[in-house]
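Note that subunit A is present in both complexes that follow, paired respectively with subunit B and with subunit C.
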Partner chain A sequence: MLMAENRTIPHARQELRWLIQKFGSNNSATLFRACLERNRHVPLQYILGSQPFGMLDIKCKEGVLIPRWETEEWCLNLTDSIKRSKLINSGASNWKIMDLCTGSGCIPLTMINETKNLFSNQTRLYVDALDYSPIAIDLSKLNFKTNFDNKVALSQNFNVSFNIQKCNILNEPEIIQYLGKYKEKRKINILTCNPPYIPHHEFIKDVRSSVRMYEPKLALIGNLEFYKNLNDLWVGKNLIDSFVYEIGTLEQALYVQNNLPSSWISGITLDSNNKARCIFGYNKEANIDYSKIFNHFKQTAKVYASIANSDVTK
Partner chain B sequence: MIRTIHRSISATAIRAVKRNHLPPRSKFTEQMETECTEVFIHGGSGAGGQKINKTNSKVQLKHIPSGIVVTSQITRSRDQNRKDARERMAYELQKLDIDNGSGEAPRDVALRQLKQQNKKAKSKKSSKKYQLHKEVNDQLKHEQDLQDQEILRKLLNG
Partner chain C sequence: MLVRGCGLRGIPTKLPAIRLLPRWYKRFYSENNNSTVLSDDDTLHKNELPLVLIKKAEEYSKEFIDLEKRLTKGENFNVDDQKRFAKCSSVAETLKTYEESLSELRELEEMINMDPSLKDDAAKEIAIKTPRFNELSSSLLGKLLPVHPFADKPCLVELRPGVGGIEAMIFAQDLASMYMNYAHIHRWKHHIISQQVNESGSGILSAVISIDQPGAYDRLRLEAGVHRVQRIPATETKGRTHTSTAAVVVLPQLGDDSEKTADAYERTFKPDEIRIDFKRASGKGGQHVNTTDSAVRLTHFPSGIVISMQDERSQHKNKAKAFTLLRARLAEKEQQEKEAAGIAARKEQVNSTDRSDKIRTYNYPQNRITDHRCGFTIHDIPGVMAGDKLDDIIDATRTYDTEQKAKNLIVD
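What follows is the complex of A and B.
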């Protein structure tokens, strides 16, 4: 039954083990139903209710994208690079990280979890997460609660604040209004985003049935709109110092690179399956030396070769 | 049934380990990290990113100087599997290092001695159940496999 979603018998057996861990082997009716759902291509994480992401356990619900290993990989590379840069301990100014298209909240929650120890009395971390889907907003709130406030009481023990907001990112006036509410800390140090990036014509052709049938299209289908929004709004209106965006096609990354102002340094990184996975960039004229973060970020991932060269010649 | 017995054994063993101050489990050092290459087995060159939702993640660690390869895919967590692979590698490397002829890590030597001591104290039958840490795990896994197969068979027939 599990072979519908698993290519090999060991994989199927392993999944069965996880299902048994969750539902027990005594109540065979529940287990049977779970296997049946799996046979109908329901994602395992919707059946089990969660997906591990870094050190966190991220709850998953239908209607919200399940976090991918590629995202986990770059996100941990980024937090590792932030920690190694020593930029936070040295400067006394507050930090702000914003995650767009946050979905389950896996990215900002990992950013908090990995860097919370760096923030002390004098330095505060503000983390903002935006999404347009009400189900995603609810789930990211739940994930914040289960991973932090039910456990470590974040606001009491660390100098970190987290804020989730329903917002249409492609609606510029809405964003400007939202940002206008901030008095203390306006400039965003790092903007992260894993936008819907599967072009329409590839959706039927390339997307696995489990994804196509059960994960939300709002989270998957898109092409250049979010990358254009990055250039026009976030970089264009000087709202951010640096960014990391996940990409699905090289075209999306090149679009961003070709439209950045000359004071911006950028690069494309590969994931460990050798696919172009992220475009990052930072303003070299910013108050903080972001090369300390991104030079390391480049090393932890492999860099898309021809771009790396053009980066050096800039 | 068998499973719970094994659990209680390993729990006792752990307590014994603490009580007797055995050498600690081998540690994965920074140097080992630089001497290793890590490969994630993602199943080829097909779709990636948002297009596919993988449920397993296999980590393979190779120690270049010695050629030792370990893999881990026991949990759904990639992070956890990476840590597990490093623990195993550290264990293998320590075993390699020890020049006591038997290729045993100090922890294992101590565990074996502890086991022998317990043998004297206990009846022959129950002391046989004492196994080295690693063996217990292997056996547990094997039994789970058998159990899984049994359930799988039941499900397929019914």
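What follows is the complex of A and C.
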């Protein structure tokens, strides 16, 4: 029954093991129902209710995108680069990281978890997560609770604060109004985002049925909207110092690169499956030397070197 | 000496635990002409250590006195000196009590020779004191022998079927459950790190069990080797007895398998020494698919070790586990190379207990388990497989190992 989603028998067996681990082998009715759901292409993460992401266990619910390993990979890469840059210890200023289209909250929560020890009495880490979907807002709140106990415990032990806000990111006035609420109008040090990046024409052709049928289209289908928003609003209005965006196709990255101001340095990284996966950029005129972070980020991930290298785009 | 198992096959027999007396009791005895046979009972054999070893122990106690002098002068000891001091002092102490106990026994023996009227009393006294003396002498011997560098470590037990097809896989599974029962009986924390089940039937293709008890490696390291089984397999239709084998590898566990230690350990490798492969489906990736495949393959080029791990849903955990295994295998390899070099230097082919082939036979029709290294036999397969009689075999092999090591020490 599990073979519908799994191409080989070992994979199916492995999945059955995980299902048994969750539901127990003696409760056959529940187990059977779970297998039946799997047969109908329900993602395993929705059936089991969670997906490991870095050190965290991220809860998954229908209506919110399941964290992908590609995201996990670059996210841990980025936190590792931040740790190695030693920028946080040296400058005695607060840091602000914002994540757009946060979904399950996997990116900002991993950011907190990995870097929380760097922040001492003098420096504070502000992490903001924005999403348009109310289900995603609820789930990211739940994920925060399950992974960090509660807000009080986190802010007591570490100099970190976390904030989740429902916001339409593409609506410029709404964003500016939201940012205006902040008393300290601090610039955002790092903006991360995993926007919906599957173009409409690819959706039927290239997307797995399990994704197509059960994961939210809101978090999947999109093309240049968010990248345009990045260039026009976040970079254009000088709200951020640096960014990391996940990408689906190289055109999206090139679009961003071509529209960046000349003071910005950018690069494209590959995932371990050799697909173009991330675009990053930083303002070289910023107060902090972000090259310390992103040079390492570049080294750890394979960098998309030559645009002429056509097999990457395939 | 051996009690014959009278139980029928398949019925657990409640035999008393048989402990074969270490053969070196007798061996060393023959090298010492000054001790006399007191009774037919083996337990009353006074078990003196050969002179060479006593001399070695005396060297330790001399060093102990020197060190103590230095200490009283108010010299500062560094860590190595402190370790040395602790070792010397414990050897010196044991040697002292050993010699006291020995002279007491000698006096008693003399008394028997001189005054026959006291014979009974003296014999009684000797009967009481000899076991205590033997304990002392073996503890002194243990202290003189070099301690295995990983003796205090927890361990990993790896099982793989050998020849014999499905029956070998079933046997490997039996052994896996035997070690888990053993750990369970000792209340040692243990868990299965990975297990690949035979897809077309019963048995396992491989299993790795982690036994998290410190010192478990020292206890179980002599279990490593090829285990042979002789029985009528469940798969056999004509009732013939088959012979199959399974290999057991026992590795010291140097760090726990949490992600953090694995991360730190990963950094000790040069980037070109190691390659980490993730199984990745072709296609667009990213938001287009939601894969559940988290398999990790680790290749260590200098040693040629390849480790695959896919049991966990988290790729991170798989990677961490793979690194734990790699670390254990490398450490084991290094240790083996060291030992091999030591043996070569001695220019002596020792029939080492560590890695001899086919170390043990499990004969089900006779309800018998024989360890080929020390010749120890026990007639209680169910008891051993349940884990509670395994200790008897382990004790026997350990004694044999100590004996071998003591021999080497004398040669040195």
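As a working rule, the second predicted complex is superposed on the first by the 302 of 314 C-alpha atoms of A that agree within 3 Å, B and C clash if a C-alpha of one lies under 4 Å from a C-alpha of the other, contacts with A are read in each partner's own complex, and residues count from 1 in each chain.
Rule of thumb we're sticking to: contacts are C-beta pairs under 8 Å (C-beta built on N, C-alpha and C of every residue); 3 or more make two chains touch, one makes a residue touch a chain.
Keep in mind the model is a prediction, meaning the values are calculated, not measured.
Aligning the two structures on subunit A places subunit B and subunit C in clashing positions. Shared-chain residue A:Leu31: touches subunit B; no touch with subunit C.
Legend: residue contacts after superposition of the two complexes on their common chain; A:Ile198 is shown touching both subunit B and subunit C. Touch criterion met: A:Leu220 reaches subunit B and subunit C at once.
Legend: residue contacts after superposition of the two complexes on their common chain; A:Leu170 is shown touching neither subunit B nor subunit C.
When the two complexes are overlaid on their common chain A, residue A:Pro52 makes contact with subunit B and with subunit C alike. The contact surfaces that subunit B and subunit C form on subunit A in the two complexes overlap at residues 11, 13-15, 17-18, 43-45, 51-52, 54-55, 65-66, 68-70, 72, 196-198, 202, 206-208, 210-211, 215, 219-220, 246, 248, 271-273, 275, 277. Looking at the complex, you find that subunit A touches subunit B at residues 1, 5, 7, 11, 13-18, 20, 25, 28, 31-32, 35, 43-45, 51-52, 54-55, 65-66, 68-70, 72-73, 76, 196-198, 202, 206-208, 210-211, 215, 219-220, 246, 248, 271-273, 275, 277. Taken in their complex, subunit C has these residues touching subunit A: 197, 199, 259, 278, 280, 283-294, 310-317. Residues of subunit B touching subunit A in their complex: 39-40, 42-43, 45, 47-57, 73, 75-80, 144-145, 147-149, 151-152, 154-156.
By the touch criterion given at the top, residues 9-11, 13-15, 17-18, 43-45, 48, 51-52, 54-55, 65-66, 68-70, 72, 194, 196-198, 202, 206-208, 210-211, 215, 219-220, 246, 248, 271-273, 275, 277 of subunit A touch subunit C in their complex.
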